[in-house]
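By written order: A, B and C. Residues from 1 in each chain.
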Amino acid sequence: MPVISYREAIRHAMAEELERDPNVVILGEEVAQFHGAYKVTEGLLAKFGPKRIVDTPISEAGFIGMGVGASMLGVRPVMELMFWSFYSVAFDQILNNAANVRYMSGGQINCPIVIRGPANGGTNVGATHSHTPENVLANHPGVKVVVPATAADAKGLLKSAIRDNDPVFFLENTLLYGEKSEVPEGEHIVPLGRADVKREGTDLTIVTYGRCVLHSLKAAEVLEKEHDISVEIVDLRTIRPLDIDTVLKSVAKTHRVLIVEEQKPFASVGSQISDMIQRAAFDELDGPIHRLSTIDAPAIYSPPVETEQLPNPERILKAALAALA
Amino acid sequence: MTKKTTATAEKKAEKDANLAAKAPVNAGLTKDQRIELYRKMVRIRRFEERCLRAYQGKKIGGFLHLYIGQEAVAVGCCSLMGKHDHIITAYRDHGHAIAVGMDTKPLMAELYGKVTGCSKGKGGSMHYFDPTRNFWGGHGIVGGQVPLGAGLAYAIKYQGLKGAAMAFMGDGAVNQGAVHEAYNLAALWDLPVIFVIENNRYSMGTSQDRSSAGPGLAQRADAYGMEWALCDGHDVYAVRATMDKFLTRAREESKPAVVEIDTYRYRGHSVADPDKTYREKTEVEEYQRTKDPITLFQQTLRNEGVLNDELVGQIDTEAREEAENAAAFSEASPFPTVEDIQKDVYWEVDNPAQRTSEGRLFFDN
Amino acid sequence: MAEIIEMPKLSDTMTVGTLVKWLKKEGDVVKSGDMLAEVETDKATMELECFFDGTLLKIFTPEGSEVALGEPLCAVGKPGETVEAPKSKAPEAAPAKEEKPEEPKEEKPEEPKGDPAPKSESSTGKKETAPPPEAPAAKEGRIRISPLAKKLAAEKGLDPSRITGSGPGGRIVRADVLAAEKSGSAKAGSSPGSGPQVSGFSRPGPIQEEKSVPVSKMRGVIAKRLLESKTTIPHFYLDIEVDAAPLLELRQQLNGALDSSGVKLSVNDFILKASAEALRRVPAVNCSWEQTAVKHHAAAHVSFAVAIEDGLITPVVRDAHEKSVFAISSEVKSLARLAKDKKLQPAQYTGGTFCVSNLGMMGIDRFSAIINPPNAAILAVGTTVKKPVVKNDQIVIGQRMTLTLSCDHRVVDGAVGAQFLAALRQLLEAPALLLV
């Protein structure tokens, strides 16, 4: 299996879908001539031309809203937010218009757009550029929210997202763009809403997604070697729709749960998962559900301290031991 | 608007009005087409008067933004729509819905919150839609629909079709950022969209003098290098003449424009809102007496020999009956059920055979 | 036909409007579109618009009055037409109609068919009238145990109170249950109960926060109903002391023998059974006062008081006279659990004909309970104490329990109450009778 980067995987997914469906258009700030702020779209302009790969002005409310309008007429825009943090200036377009238009029209309209871009901290860009809004987005019925952790998942999920007839919000991670892993050759599709057990284990279930999957895998190795603890890691991959069954199956196996997320703790994705586990698997729990989140403050700039603010392998290790007490 | 520019605007509009009736788009109208324009305006008014009664009779919830006084704008603009022309508007949307040809029964039923409503009782007064008639809503947030209007134009152009989009907004919307972002994109990319400002002089209860800086609303298009024009919205011929020019240009040359149409609403912002805190009653009465679009057009058509007392009476009676029928239909229709709440949320859920995703989409316990 | 113009809905949040000023007067000619009056809503002062052509025939509402949505304001019709003020319909908006709250009051005295449940509008129903509670299981203290460990212990027949927890704060976790199973140390049924938890450390500072806590709905109803019972029912009280030794001995035997099957009878189970049997022998106590009649109940539906959060409730063991002590025991357990979880259905806490309240497990020697209407009596059960008694002219150590019967003198006279207590004592002192 070829080993490619997460960045390349996303690019391949877009290129394949551009090839497959003439209605697919890539729009965003610096996606064409500049090759993408994070080089995700590099080479696409040369291959597909300026009609399909479109540089937008810095005008998120305008171009996202425009994409929503175009999608109602059958265009399938894949729109890049240079950072998902900029969703706030287009909030009305994303969560009032894209999320609600189908409902308010009594099902007459659907809105097949994808909005993608990185949503993460850890790069010392301060609080304004480090938002992880997957919980805020997933709070809105009508939308789908995807947070891939690996190159293979990024490719397979983005292809599903572009083909989806509902609005899909695809949250990447600048710190994963360079991460390489095996991606199956040829047509590779991962359905939205299917979690993936990234590591099997018997003593503790770590429910996580995004970059925290990689951190959790590292922590699991140490737990195995130094503490003789066998950790199972469930990668949600999609936040909405949510594969709660895979989570519950794992809880029934290990009876102990730690949820790891790059989220502020209040009303996070983990809060939701935690509620669902306690309700559906109360009698399977041998201890309270533990959660490890970002330390609850705006993202700090100071580089070494920001590492500590986010979940990292050391913090996960400690949290895992606490969850097993 | 300052006094000086008001004067300029009136002058320009007056000139347009004189030319309006003779413009080819109007000169070529058949007698029946003229009557149909008149009939649509009357139907909108009678429908909305019946809405008001239903609202006061507790049949309708929430807000009710009436279009009464502005009928010539929607009727004039929408009468020009071709197969690939699309419209989108804000929350004062009943006039546009009737103007594009929607049946008043589902429109009234929507207000009553009934499942037979045009949005199955899920949208309400502010959220009428009919994609089959190229009508894309019906949007509640001031200015929020304007980028979507640019998107409709983007899609028309992307698909290589000869069409144009009309993105309607009120004079209160012109200070929203999203509107300016849409202006910029439309001008930048030559999108075939006409931004139509229905200037009824008040953004809710704040007059234009107190809300908008600069010499004029449409004139802001200059900053984006877009064409713009003012238009008398009390005269349906004038609306058609002006809009035809820009729609043709949009379809043929893919050029955007801003058209500010001078109009007036007789009712409060919503019927629930006070109407005497910001304007004098005499001002409303003056408009009703001198500029009512239905009265004016009736007079025009009488002068043209198209309308007579009998026909006027008949159109009015039919419009009243239609509104009554719509109310009766709505009254007799059932409400949506609790089970209906979660339909029409996801395309995939509504089309289960074609669902490709897995997992939970709803999170009720 | 004149058109009646009603208070319109003029805003999305309006429920009433104030008729500020009439702009037309009776006799004025009006036409559609005319403004008839000014109405002040929660948002603004608005004008009342006329939708009809005609004459303003009659004004029903004076200026300055507050009018609910849909109430008539005026009538418009042909000149000379007479109009009557229409009956107020105000279905939802009008809060008024003073008769409503009185309805229950009128009904109650007539309460005909001896449904012993007081007519209660709220679903909290019967518990509102209950006498002092028993405090089940309080003495055991709360065991910290994970949900999984709890389920496992139950499956394996282990008593969690005998398992040592290794988790945080001593929580019993799965590993502890598995260890206990291996060692065989925690078989259910062999566990001694621990005493009530008493915290008596003297610490500086207030004993609790000074505050006024609003009375909950349940607490309010309890207060009202018990006050009504105590002030309108002529209570009298009879005490009797019972030799509890035979009962305790029998209970121990049975519980020992039935250990493996998980059955654990309580003293209270026997008292409920004995009460039902005593009611059979002295049925005059199984009655209700109905003003003009005394209702005699064919079945002994024996209720028992359970303390729940911020109140109490009296679940009913129906047809207790036909049930074995074992059946009563398991029913009591499940009813008490439902009561704690606030999941009792009304049918499960209404319709009792006699009530038992037990504070024995709280160490109370004896007390007098307030009757739970429409019952005619309530039995208050005290704790069993060891004390010297004279038996065969010898002073020996006896196990004595005091029972107090509160009686409604309108139904039960002293002699009848005494007969009932005598029957009860006989049954409890020869408890084998309760097993036949």
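We take it that a residue touches a chain if its C-beta (ideal position, glycine included) is under 8 Å from a C-beta of that chain, and two chains touch if they have at least 3 such contacts.
As the structure is a computational prediction, the values presented were derived from the model and not from experiment.
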Pair with more cross-chain C-beta pairs in contact, given A-C and A-B: A-B
Computed over C-alpha atoms, the centroid farthest from that of chain C is that of chain B
Averaging only over C-alpha atoms, locate the centres of chain B and chain C and give their separation in whole Å. 60
With chain centres defined as C-alpha means, what is the inter-centre distance between chain A and chain C in Å? 51
Go ahead and note the Å separation of the Cα centroids belonging to chain A and chain B. 40
What are the residue numbers in chain C that touch two or more other chains? none
Note: in the complex, chain A contacts chain B through residues 25, 51, 56-57, 59, 61-75, 92-93, 96-97, 101-110, 112, 141-142, 144, 160, 163-166, 191-195, 238, 240-245, 272, 276, 279
Under the touch definition given earlier, write down the residues of chain C that touch chain A in their complex. 146-151, 167-168, 171, 173-174
Which stretch or stretches of chain C touch chain B in the complex? 6, 8-12, 14, 41, 43-46, 49, 51, 69-70
Given the complex with chain A, which residues does chain B contribute to the contact? 86, 88, 117-123, 127, 129-131, 136-141, 144-152, 154-156, 158-159, 177-178, 180-182, 184-185, 188, 342-348, 350-351, 356-363, 365
Within their complex, state which residues of chain B touch chain C. 52-53, 55-58, 61-63, 270-277
